[in-house]
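So, here come the structures, one by one.
Presented sequentially are two complexes of chain A, the first with chain B as partner and the second with chain C.
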Partner chain A sequence: MARSLANTVLKGIIGSHHRAATCRTLCQQGTIAYYSVSSDAGTHDDFKSISKLADSDISLKDVVEKDVKENPVMIYMKGIPEAPACGFSSLAVRVLKAHGVPIASRNILEDQELKSGVKAFSHWPTFPQIFINGEFIGGSDIILNMHQSGELTEKLKGATTSNTVKRDD
Partner chain B sequence: MGVSKEDVEGILTSAMKPTHLQVVDTSGGCGASFEIEIVSEQFEGKKLLERHRMVNAALAEQMKEIHALSIKKAVTPSKWNPIPKVQEE
Partner chain C sequence: MRKMSSKATNLLQPRASRIKQKLENALEASILELDDVSYKHAGHAGVKDGANETHFNLKVVSSKFDGQNLVKRHRMIYDLLGDELQSGLHAISIVAKTPKEVGGK
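Up next, the complex of A and B:
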């Protein structure tokens, strides 16, 4: 469990834009060493070895909570934004990209425990899963629907101009 | 044994009492992928996310076997046949 958790974090959040800020924050927590993330960080060997997470009590819930708190637009998906591994994930990324916002992501195909953890966190059975300002938005159908209705534009305004975290309790 | 279109229809019909329900099997026969349009009074006053959650909850058991569930529409009867929208800005 601990090792897998470490992998979860070490595989890192892959942003379509530079996500150095996220990494730095993780670093400040003293959980992992600083690293810079490139677009192929998810598979880079450099990210597989360093870890103090094995000794920490960070849980998957904490990982997800942190992700969605620190990243205004967070997507848990199959594949990565540059190469989605599923049509639904691809659709969600395309919708978000159309709004020109920075997207942080994790590839749930790389980690079964992360996948289960995210599902448990959101009580949502499928992927992708999108969080905006810490609020669970839904999957690809919902994001497309909100895009078409104009609601997404409103939601994302807050995501780019404010760090306010709203909870979907 | 996979989940059939009829299974999904049956479950949603008894759980949601829909006035309109369309289930399309998009799996090409293996029964693991569906598109759904559902209209029900039970969605009244519920937000989009909540409406989707209701459908997911009804199909919770089947979701273990369903690979992909796309909810194209989950609306109330009043939203289903809307009077042509007059958008007032």
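Up next, the complex of A and C:
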């Protein structure tokens, strides 16, 4: 139920300055936004929640571990891929989009605990933070650098499969 | 932790001075350029009004970065600036190179 609500809400709020209040509700439910670049017009149909924090006993560390394990490309950012709230997050998203890979993201502005949890997990004090195939890559400076050097293309080679890929545990 | 000092003769803002000093000491940097670009970020999410000394561009050249990948270099810098990051420093755009990397090309 909440998932379709999330979809409906997300469809209605792209580009709107009122998204903050709505996103807060979503993020309290722990919805992860999934952005697909396959149709670049930014159609809202591509937004779908893929997981939920149904159980409040799940620790932040578990959430982050799950995020980076289940999503080949995972970005913790300010805002959302279609509407970044900060220049660095915007840059990171643009670089990743240029490689045509599906991007999973969480908006750390709407959840202070998540923000602290991610910082502690990666031992990195700023955002955005990008993980590829479970490996912490760095922030926007690093991802841009890797894009320019060609290293990012290499890293992303294993990351073009769909978001539902799960490795055997 | 020292609070903001008001040395009228010091043109550098306090945080910038502290950052420069910490990095120069620890990294023995041959080149260290630090610019306060907070004005470019004033008003965006997470930054309070009258933003000052919240965002910097940093370029540092040090042989201590030899053999370190970018993540490690940035972590070295972030670790040195832990106090600043806890007290209002929001972001640093970092260019961290070794002497060979700047002279070699």
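Rule of thumb we're sticking to: the second predicted complex is superposed on the first by the 104 of 169 C-alpha atoms of A that agree within 3 Å, B and C clash if a C-alpha of one lies under 4 Å from a C-alpha of the other, contacts with A are read in each partner's own complex, and residues count from 1 in each chain.
Just so we're on the same page, contacts are C-beta pairs under 8 Å (C-beta built on N, C-alpha and C of every residue); 3 or more make two chains touch, one makes a residue touch a chain.
Worth saying up front: this structure is predicted, and the values here are computed from it rather than measured.
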Chain B and chain C placed together on chain A: clash or fit? clash
Let me test your reading of the model: by the given contact rule, A:N145 touches which partner, first (chain B), second (chain C), both or neither? both
Partner chain(s) touched by A:L109 [first = chain B, second = chain C, both, neither]: second
For A:F88 in the superposed arrangement: first (chain B), second (chain C), both or neither? both
For A:I137, select first, second, both or neither according to whether it touches chain B, chain C, the two together, or no partner.
-> both
First (chain B), second (chain C), both or neither: which does A:S59 touch? neither
Max touched-residue count on chain A (chain B vs chain C) belongs to chain C
Note to self: In the overlaid three-chain picture, which partner chain does A:G79 touch, first (chain B) or second (chain C), both, or neither?
What the structure shows: second
Chain A residues where the chain B and chain C footprints coincide 88, 123-126, 136-142, 145-146
Interface with chain C, chain A side, in the complex: residues 78-79, 85-88, 109, 123-126, 136-142, 145-146
Counting only contacts in the complex, chain C reaches chain A at residues 40-41, 44-46, 70-71, 74-75, 78, 82, 85, 90-95
Touching chain B in the complex, chain A uses residues 88, 123-126, 136-142, 145-146
In their shared complex, chain A is touched by residues of chain B numbered 48-49, 52-53, 56, 60, 63, 68-72
